[in-house]
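Down below are the structures I want you to see.
Both complexes shown next keep subunit A, but they swap its partner, so subunit B is in the first and subunit C is in the second.
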Partner chain A sequence: MGGRPRETRIAYLLLAPSLFGVAVFLVLPILVVIGLGMQRWDLIGPRTFVGFDNVVAVAEDGRFARSLLVTAVFVAVVIPAQTVLGLGAALLLNRGLRGSTFFRVLYVLPWICAPLVIGVVWRWILAPTDGALNALLGRRVEWLADPALALPSVAAVSVWTQVGYVALFFVAGLRAIPPSVHEAAVLDGAGPWQTFRRITLPLLRPTLFFVLVTGVISAFQTFDSVYALTPKGGPQGVTDVVAGRIYFEAFESRAVGQAAVMAVVLFVLLVVVTVAQQRWFSRRTTYDLST
Partner chain B sequence: MRLRTVAAAAIAALALAACSPAAPPSTPSDGSGTTTVSLRLWDKQVAAAYEKSFAEFSKQNPDIKVEMTVVPFADYFTGLRLDVASGTAADVYWINSSEFGALADGGKLIDVGKELAGDVGGWVPAAVEQYTRAGTLWGVPVLTDGRIAVYYNKAMVAAAGVDPTALTWNPTDPAADTFLPAAKKLTRDSTGRTADQPGFDPGSVTQYGFNAGRDLQAIFYNFVGSNGGRFQAPDDTFAFANPQSQQAFQYMVDLINTHHVAPSAADTNDNPDFSRDQFLQGKMALFQSGTYNLKNVADGATFEWGIAPMLAGPAGRVSVVNSVIAAGNADSPRRDAVLKVLRWLGSEQGASAVGAEGSALPAVTAAQKGYFDYWAGMGVDTRFFGADGGSASIPAPSGPKFGAGATAYEPIFKEMFAGRTPVAEALQKAQEAGNAALR
Partner chain C sequence: MTRSSVLRDAATYLALGAGALLTLAPFLLSLMTAVKSPLQFASQPTLQPPNPVTGENFVELFGSRFGFVTPIVVTAQVVAVILVGQLVFSVFAAYAFARLRFPGRDALFWVYLATLMVPQAVTIIPLYSMMADLGLRNTFWGLVLPQLFGSPYAIFLLREYFRGIPGDLLDAAKLDGAGTLRILRHVVVPVSRPILATLTVITVVTHWNNFLWPLVITTGPQWQVITVATAGLQSQYNGNWTIVMAATTVAILPLLVLFLVFQRHVIRSITITGFR
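Right, the complex of A and B next:
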């Protein structure tokens, strides 16, 4: 590079539009958030530089630690459930049975809908009085108000929303596997379970990697559906996910600086999780079937 | 290398630029010589009345057009704070007492007391006092809620033999408590048993007696005041962890969780309209609320209903009386037009449309007659929203950081109303959390 200054300049010029986008829409907001993390600001009054006071305040505030724990539990429940169910749905859809196309569209409909709308609809379904589910069960269950049930209920709605989306990627992944690979396995005497475990699953790892990375990031950032179902963190804060905590801190408690610190922590956490996933999969994934 | 330096400098410059609030929209007119003044409010019915009012305003001021945006109350203040922060707030916007302090202290509001000094005498004095901070009036009072009263289902109270105009609650002397026995008679389960009968099933209530719950304006401020308690100290700090307030909260929590005469907190904690809807569906006998629900009840109830004075407590009927102001955005580049709109909203002519259709009680004294005449014409007796409903009041929420404090204490209140945290413990924790948020 150093020996070809002209080519370097041209390369930078060609990259300039993309670099501008990255700088303005990615780097700049990150810098702004980091800057806000060192200020005290209530959205209305003047901003005051406070150094690392917000970091100390967030570290001492048990609610943020609790919301990290809530989010970790939420991710630990949602990701395996939506991945397994999505893979199961994809295997069924990939069998080419009658109506597969219809079901493929049906499965993806919840994902297309706005999460806030989904949340409002499910809130009506799960309402303790006059709710559709309780009417069906014939008994009163406080799905969203009982601290023991609120998080599982919210997680179930999230899984329901995401399954179709996950299934779509697995269907695409399954279609990319050459039939000859499965035929060879059958000729070698492999049963359906062995074929799935030893052939299908390993060849689906690139898809699995993508689904897990995007799923984990999306689950960590979940806000709107949880907010619509259980406003303000739910009973005893059991659904107080990190994205919600950031929102409440910034726009209801008006502690924008502390919210910015929380946002930076979430960002760092997501980077670490994503890099860990990438490293784990890079040693176990085959992308090119011809090699 | 030079390119890298330039890129880094550009990013730094953009970062600095992004740290500064945006300037307010600077286009004073739409090019046709007409200045458009934006107005944000949260009440659809009042907005409908304003349409007529502003049609007349525009006839008198052909160079000014008013454009309204109605934002639901639940999201209203979150959006407003964001818009103020980004410099894109409306030219005129409604605010309530728990929010105006921060905006006034932040220099975001026009000094209405100074700009419209000649008009102040025409506004309800209590509203003027509520929105005067450090000797300055920060908005034009547009609505006043009057006193809190009780809407009742005539058939239900008649069937239970209850006189809704003579109900008194008492947290320490059961013999003096006429309300609880009445509320029990008015509460029924799916088998028709009332809450005072053996075998009553609290899990299958089909008719509630009353709407106790975490409702600041209609319920808990009034219970606290009617027991001689207080919610805030004169310096705006929270002071509700006192014996009288604790007794009042305990009484409300027991109505829900011990006596089951009011809906569960699971229904009402996150749905402020649940009780109103139950009343309108004929599933609740007594619904304590304000003038802000009069139009909803009149339009939605399909049964005979009436209005009684609010429940009396040991200290009498002590109501919170709240008002709403239209504030002028101090950063608006259309200041002259904004002042004309504010003056119109505070005039008898401008406010009369609101009262004339019974949408809400105007805080412009001369325009109030139209409201009372409208409801009298509809056969609705509204006197208990006024002096006939009592005279004592508890101060409305106040202070520049009331909203932040409420955000801190609300989760604890929710647990208290759900019966999961003992009242004394909850109030102490909530008071500490609320006051910590004020600092």
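Right, the complex of A and C next:
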């Protein structure tokens, strides 16, 4: 691509601020985090080079392994739940009933709010003695302090926050399917379940792909709401998600080097998961209705 | 209308209504607690409606003991500065990518897109160390600098829009001898109002709600933003739920109003690209 010198100069002048921002605040940190992973730093004093000591320390750190497991379980609960509920809501919203737009906007409200603030609100709702849920149930359940209940509770709050947002995408995906496709299926004698399973679902595959990939990436990094609901990783560390573990390691234990190694592991993991999802979906056929 | 379709519609409304109740209940319950006196909250059942409705928690919240005015002012300043920076610099970059021809354009745009995949959980530690080296910990600039120079997401969204502007419009301005900045101000920005409104709402929501970066880069009350102040209040006064729910109400309400006013713009843009 050519371009005249004057146009090139103007273009790079216009790009200069964002180029600076991208280079310094998005690309450089990836190099810096690798460097920090080979240093010892307590946030205040000087940094010293320690080579692979941090990597060894992280590999032997049972809490980090546990946080990866906790995050995996969290993702495995939240993603299917929010996807199924989001799709269900979208199917209801797509029946063309009056007021559908109103419900659609209403369902997105939790997602607009700060996850931290949502976490604080639910911490009260789930509080053992004076919380709203136990008052409603008329019994005392330790939603956030019981090691068996803490992770499901935290996951439920996350699902509650995201269902409406996920539904938005499915509504858009459903609208992109021409009515003629469904009419043809009905003429051929297909029942509602068959139509959904054999026609609607395959045609929603691009939407499903987008919802799953972005959902998994953000669920892997969940921090704010978990931090507000269960401080310090929850009872016996059952809600110690990996983003929280990195935060505590760096800013409470002041082991920045080890936290940096954990951050690199998380980054690699996210790239692998994203590529794997991409592969899995591209092996399957997608249907193009645009022609 | 057949009987079965009436039943079907009724069932649909029932399910939609149940969803609405589940969505709204936590907000309404927290608001209810926020307008209840601490005495009533302590002495009567939790679900008892407020009697009388009182604003004392909010008065208390903004008073000297809890000092919630500062976090609101700081958050508003942070959001305003980031908003101006992001809009201006993103418009610049998006225009270059959309309407100018220059060597390296496609490769650079690909790099911008790739950075959308860099997770915040990974950059937080290196950014902290960089800000520490610059002596910007616990400063206003430490809070805003990483976000100030435009966002790849905004650039991506604007570029799509700018590509749709008719070439004649831009050529006419060029023939009149208008420079690039004048074209941007008098042609590009006026015809791009809807997308700029959408971006404004998205940027305000994202940075009003931001927690992790302000949490690590600031200490103490001087530069505390509203999310960090709410988290601090909750952990310090755990159990004083009337005051804590007043804080969450204050943190949520401005965004809900903003969103309801601009919801059409926001919902459309979410479904085009999926923001964040």
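As a working rule, the second predicted complex is superposed on the first by the 262 of 291 C-alpha atoms of A that agree within 3 Å, B and C clash if a C-alpha of one lies under 4 Å from a C-alpha of the other, contacts with A are read in each partner's own complex, and residues count from 1 in each chain.
Quick note on the criterion: a contact is a pair of C-beta atoms (placed from the backbone, for glycine too) under 8 Å apart; a residue touches a chain by one contact, two chains touch by 3 or more.
It should be emphasised that the depicted structure is a prediction, and the values quoted were computed from it without experimental measurement.
Once the two complexes are overlaid through subunit A, subunit B and subunit C clash, as defined at the top of the document. After overlaying the two complexes on the shared chain, residue contacts for A:F248 are found with subunit B alone; subunit C is out of touch. By the touch criterion stated above, A:P206 is placed in contact with neither subunit B nor subunit C.
In the superposition on chain A, A:L97 makes contact with subunit C only, not with subunit B. More residues of subunit A lie in touch with C than with the remaining chain of the pair subunit B and subunit C. When both complexes are overlaid on chain A, the residue A:P152 reaches neither subunit B nor subunit C. In the overlay built on the shared chain, the residue A:K232 is in contact with subunit B alone; subunit C does not reach it.
With both structures placed on the common chain, the touch criterion links A:A11 to subunit C but leaves subunit B unconnected.
Superposed model on chain A: among 79-87, 97-105 or 259-267, the stretch of subunit B in collision with subunit C is 79-87, the rest showing no clash.
Overlap of the subunit B and subunit C interfaces on subunit A: residues 12, 19, 24, 27-29, 31-32, 36, 43, 127, 231, 251.
By the touch rule above, subunit A contacts subunit C in their complex via residues 1-4, 7-8, 10-12, 14-15, 17-22, 24-33, 36, 41, 43, 89, 92-93, 95, 97, 99-100, 103-110, 112-117, 120-125, 127, 130-132, 135-136, 160, 164-165, 168-169, 171-172, 210, 214, 217-218, 220-221, 223-224, 227-228, 231, 242-243, 246-247, 250-251, 256, 259-260, 263-264, 266-267, 270-271, 274. Note for the complex: subunit B touches subunit A at residues 3, 7, 10-11, 14-15, 18-19, 78, 81-82, 84-85, 102-103, 105-106, 108, 203-204, 263-267, 269-270, 274, 401, 403-404, 407-408, 410-411, 414-415, 418, 420, 437.
In the complex of the two chains, the subunit C residues touching subunit A come out as 9, 12-13, 15-16, 19-20, 22-24, 26-27, 29-30, 33, 41, 45-47, 89-90, 92-93, 95-97, 100-103, 105-106, 108, 111-112, 115, 117-130, 132, 145-150, 152, 155, 180, 205, 208-212, 216, 227, 230-231, 234-235, 239, 241, 244-245, 247-248, 251-252, 255-256, 259-260, 263, 267, 270-271, 274, 276. Within the complex formed with subunit B, the residues of subunit A that make contact are 9, 12, 19, 23-24, 27-29, 31-32, 35-36, 42-45, 127-129, 140, 142, 144-147, 230-233, 235-237, 248, 251-255.
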